[in-house]
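Read through the structures below before going on.
Two complexes are shown next, each including chain A; its partner changes from chain B in the first to chain C in the second.
And then the complex of A and B:
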């Protein structure tokens, strides 16, 4: 499957190249990963629902990552970076759990 | 950007009447998937696309994998950096404390050398020998010389399974003990190898008791030189000695007084007078 191949190639490239993350970007990396995870699980659920769409996935992925990083950046500037990160992680965490639950229902019919 | 989803006819947005958390759970999947799918099934021809993931999805997932791998690599790299920083600090601490120990040893050595030279110099003349004897006596009194003789050894410790600070030996308890010993007529005292001088303070510093600015570890061994036959009896007659027996009986503090035929008390490590000078002038 072409998408899974993309994932494998991405991980492989990351491990192989080990790119240096610039210092100013470092605090936003973990939150970006969580946001991306949310978009990916949403896409998987949409795929299983039969309503997957390439364009929606691309847009949701990019906007998720950007907005999550932007919120944390804004919080850092306002001095509430930690609290805002927690808020973002809570909301994305709830979404991920709900999506995984739906995926599980699809795959296991339970 | 995808089009704004068509809202239902209610006036207020849904999160106002179903609660924020419920709303998040109910809309955990991007609403645009449903919107696009609805538009597609309504049959507008330009939206007739494949529902299977295409090249764009593959690229995005590749990006996702790259992101995850980079984050993981970065985290482990930071952990390694933090660990090596910690180890560097530990090495520095060890090196510095070794240096302090060496310097301390040198101080002791130099002081011994000074004493030796002093004795050598004084022993040359009759007058010098008199001064030397006087120095010896003063040194024994003030604690700058090690002394030996018969005496008593008092070992005190916290109550077994102490739960409150009343069941622990505090600085004031040690002070009482030392005062009671002085009152009973002892001539020199050391606590855990720290000789008491007229400048010594017994103080609580954090959770430890310090004597001569050195922290002591339990149990506290108080060695005192004096008449081993009379001290125990006179000890219990003093006010503070009686208080100690009370402490032992009431709070279970451990107290053990034994007579010793021969005790050696070390010299005090610091005896620096910074302000006081002799008013008699030079002798």
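And then the complex of A and C:
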């Protein structure tokens, strides 16, 4: 219940404040968001599996975001930023689909 | 067998659960996700397409734009060239057409295929004794031509052109298979004074007709408007062919 409220509050704050994304963050924010989504779906799946642990969630969430940003940063330094971002998004996308499939099986039994 | 709660049950339980530490943590992180997503979506919508683009991509974009504009410039140059050459063509076509038209005018007057009008002379030859024949008339026509007559007509019925033929007949002359009777009226378009001079000199046309043994009478009148209405059908050359100029 509180979790859902948290999500709504976040969205509401974003709409309300409409902050500008700082320039240094611009290349990383989209990847970070996708990585965070991956962590959230992973957590939801773990919850439905009955193996959810909030400490694990926090750690996986933060590490996901950091590693994603790091990979993109490294890619930029190596001159393959664009390609690497695409790669990260593809991998995370696959994971999200897998997690969502598991969640769907739990909730809809299908 | 103890019943394992299904995922759905767990979700429902969690929704009804009072506040716990774990829930607050999850809520905080979800808030961050929601916030970040919304911010990113809006930043994306606001769409300065190029803010936040990597330097490498920008360079590539710039390159492709430069290449595109170069191509466009080449295309412009090519089209301009085409336009100017077309314009030249049109000009020279027009000039050629104009020239051809002028030539056609000149030639059609010479060939007698169109009526003509202009200043000139009217020569009337009276022949009371029947002494005027083709010798005298031919002589007169040659003198007129020599003096630059551009169109000649006899008795309002025969147009004198390059193919015109003359022969003597009963009670007059036959010109182009047409029997004519005196008096002969020769109308010629050209410079009136020059034409008159051409006929009137010692041993010339007038002289020849008015003297014995011909004994005719000639009057020459300069007029501003000679109308020559007789025309000839243009004839196709059957044997002669123009020689192609190199």
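Here is the rule we go by: the second predicted complex is superposed on the first by the 110 of 110 C-alpha atoms of A that agree within 3 Å, B and C clash if a C-alpha of one lies under 4 Å from a C-alpha of the other, contacts with A are read in each partner's own complex, and residues count from 1 in each chain.
Note that a residue touches a chain if its C-beta (ideal position, glycine included) is under 8 Å from a C-beta of that chain, and two chains touch if they have at least 3 such contacts.
Just so you know, these numbers come straight off a predicted model, no measurement behind them.
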item	value
Three-chain arrangement built on chain A, chain B and chain C clash or fit	clash
Contacts of A:18 with chain B and chain C, given as first, second, both or neither	both
Contacts of A:106 with chain B and chain C, given as first, second, both or neither	second
Which superposed partner A:49 touches (first chain B, second chain C, both, neither)	both
Chain B versus chain C as contact partner of A:76, first or second or both or neither	second
Partner chain in contact with A:59 - chain B first, chain C second, else both or neither	first
Which of chain B and chain C A:27 touches, first, second, both or neither	second
Of the stretches 60-68, 78-86, 150-158 or 204-212 belonging to chain C, the one that collides with chain B	78-86
Chain C-contacting residues of chain A that also contact chain B	1-11, 13-15, 18-19, 21, 26, 29-30, 32-33, 36-37, 39-40, 43, 47, 49-50, 54, 57-58, 61
Of all residues in chain B, those that touch chain A in their complex	1-2, 21, 24-25, 28-30, 32-34, 36-37, 49, 51-75
Interfacial residue positions of chain A with respect to chain B in the complex	1-15, 18-19, 21, 26, 29-30, 32-33, 36-37, 39-40, 42-43, 45-47, 49-62, 65, 91, 94-99, 102
Residues of chain A that touch chain C when the two form their complex	1-11, 13-15, 18-21, 23, 26-27, 29-30, 32-33, 36-37, 39-40, 43, 47-50, 54, 57-58, 61, 76, 79, 81-82, 103, 106-107
Interfacial residue positions of chain C with respect to chain A in the complex	4-8, 10-11, 14-17, 19, 21-40, 42-44, 51-52, 54, 56-57
